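Each chain carries a letter (A, B, C and D) given by its place in the written order, and its residues are counted from 1.
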């Protein structure tokens, strides 16, 4: 794990969560989890964090359906999705390549993506691997579409795509990403080379901002201890911290 | 409620049985999984509620399954589930892809004795495209066009899971893991393994009762200490990460899987 | 979560608000009922989950309601609810008759964010005949004709109930009374009165957590010791049968009801 | 409360429950409750009793919906319903007489009758008052119909009507009651005079059998103590018993 990059990504995601009241974090999502806990710490608890797998930050008591019901009730402002493939229209593929019954390549499955992508207002796509293999012109299987036709009930959708190289914003009416910032060490050209789909790019693309020193201190201090409860190995590797 | 041996409990699941199993975090009966594999049963159908990990992977690798409906099979941070992935490529197993809330909703439909339940989302996905049993319909309460998907109820023959304790009336403590209650309500009958059988009624104390699945739904219970191993169980014991890692490595090949399985059938770790 | 006085909590319910209230056995906020009556609010709409007793009767008698949807209003062994019965004869209140499982199912529809839910039964009843908002449809998954009723989701503006305790995060212990969770999930916001506010998190202990409604759903809490009186609350205190009998007798006339209500508004028994 | 009659009714209802595995008892139903607990005691627990309002005999943990869901799942064999009016086709009226918004007479409401009557295989109608006012030719409002047309999903329906004067059986294909037995002190003629609907009656109508002495002893002993937990006044009045 690249510590600087990981902290950068946590900072990027934290910024995406600004203004949210409630964010839900799925399983196996330490970076979004850390980002959410950072915003929570920074706002004095104004952001409510519902983190699956956590004991301390999981308020759910109605079983596995509650996250989904909660999203349908409009109580979840932000959620994170990934994808074995992500295309330029923000379609995501978590299922596989090829067709059943003989998949060429098989991913774990859709999880709740075919639902939450429609219902959570700010879905942040997060996939650290940024290669033409992952960011493809068109996904082979649509686990969930980036946009829907008019008349389809869809209060939710993609807000941004965060990768290990850059941040894309999403322009829903145009069904296209635009390059919002490149991480230190990358350039607009290097992003273009590693991205399989077409996207818009302004003439001048800013460098992704790092966390301000105060936030970084908060992350490495209090938040590192909090995230260790759910992701002990992540916290130990990144911050050398045990659960607070 | 009948108190059974693990073998007798496993024998209640026969070819064609549709078995609901919970996700890794919820109380997985690896003890019953071992007994199923040992029984040599074939042709089981599994519905994952809503995902699975090593349990489904072992059942697939051991050849017990004819069909699997799931939102995902994964070993989490350890990566892809190897036997699931191999079967998906070989086409040796009927896999029906679904999505988590669709599993929960379709079980709730059975719980309520209704033939179907509508659900938002799903439209425009290839999951829907592949599900001939789901219907794209129109919301009959909308003023204008408002397409919505109808999911048929899922009625498992068996809900199979592991919990911390049951009493002599078959009441099972499930705590916050209420998807186990939904599974049990939806299923024809529940087969449950537990860490221990207790002699006092779990319904006697109201605080405890709030987390109980009533014996009304439970056909049989088998005692199986550490019955979720190598997975963890609530506050009792954590997941055995090292053993799961050994599984993830071994099961990358058919031969490695077989070697791991032999040890597992003996109740031994692959490290032993 | 906001900690409010009873008056401020009651002030969150304004003319036109659709308020879900639980049945007598489930945690009725008579304390909030008193505050509502004292506030002089008019035009409230009530959905009983799924029945009510003295709470609905008092709100009707006090003139707070424009509309009532219910499966029943009754004083149980003490007979008919007098103010409900009088209003039903006078035509002074819009009463929408329903049936218990229809209330539960329609709230579950809101809980799941679906526009409607199918339900068995109901066909051929005059309840269905009077419900222009329910639809008689055909089960789209049946081979032949299979009529079934579709119920539109009920989305209360407020879920209002009384419980034993809440913590500082707004987590409320409801125990086995899970209809309170469904009400709260379905409603836009929950207003809760409790016997006491505790300083430790109700989610800290897994046994207790199994019976908790998360603060996520709770907008405001007011402390109200003996807040269900004259009804009882779980194991804490039984129903005050004598007071209920005094109510049943007094409320048979408008004047008697007013006299009882005056005492109730002062927090006094009619016997005092 | 007429002690002999109450015990007779408990005996009648207990016989109706023979062969059932699970019976549910609604609120305010001491006589069905006592009958169910009697059968439970007599069968060594082979009958499962789900009694609303009881702590000891209420296994439900999923809130108010569980009884209804359970019935829909086919787990409840028998249930009891009453009615402000009951007619000769076993239609029941728990709502009122007249039409809204100005009811001539208003009853509490339908409770779960519009559902459970369809779904529970053996519904036993129980109304102690047996007068032409209650047993009418046709109910003014159908809370729930006694029978349904072919093609309506209806695994359940009426098995019998038990009153303070007699027991009627129900013949679903003919949509009619038949007089099964008259309680001591009544005659076929006295029943006919007090019944507002038409029904079949055999040439010879037996007298309703009382509980055998052993069952009566069980009722007055163990069952009296058990029912007192939920219905203390009932148990005190009838048996002079407090909760066991």
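The criterion applied here is as follows: contacts are C-beta pairs under 8 Å (C-beta built on N, C-alpha and C of every residue); 3 or more make two chains touch, one makes a residue touch a chain.
Worth saying up front: this structure is predicted, and the values here are computed from it rather than measured.
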item	value
Those chains which touch chain D and also touch chain B	C
Touching chain B and also chain C, the following chains	A, D
Rounded Å distance between chain C and chain D, as computed from the means of their C-alpha atoms	28
Length of the line joining the C-alpha centres of chain A and chain C, rounded to whole Å	40
Intercentroid distance (Cα basis), chain D paired with chain A, Å	58
Of all residues in chain D, the ones touching two or more other chains	60-62, 65, 69, 72, 119
Two or more partner chains touched - positions in chain C	105, 108, 112-114, 119-120, 146, 148, 176, 181, 209-211
Topology of the chain contact graph, where touching chains are joined (line, ring, star, complete, other)	other
Listing of all chain pairs that touch each other, if any do	A-B, A-C, B-C, B-D, C-D
Complex contacts: residues of chain C adjacent to chain A	110-114, 171, 181, 185, 203, 209-217
Touching residues on chain A, where the partner in the complex is chain B	27-28, 52-53, 60-65, 68-69, 72, 94-96, 100-119, 141-145, 148-149, 151-153, 233
Residues of chain B defined as touching chain A within the complex	23, 25-26, 49-51, 70-74, 76-77, 80-81, 84-85, 88-91, 93-95, 97-102, 104-105, 108, 119-128, 130, 144-148, 176-182
Partner chain B, residues of chain C touching it in the complex	105, 108, 112-120, 135, 137, 139-142, 146, 148, 150, 152, 174-176, 206-211, 234-235
Interfacial residue positions of chain D with respect to chain B in the complex	22, 48, 50, 59-62, 65-66, 69-75, 119
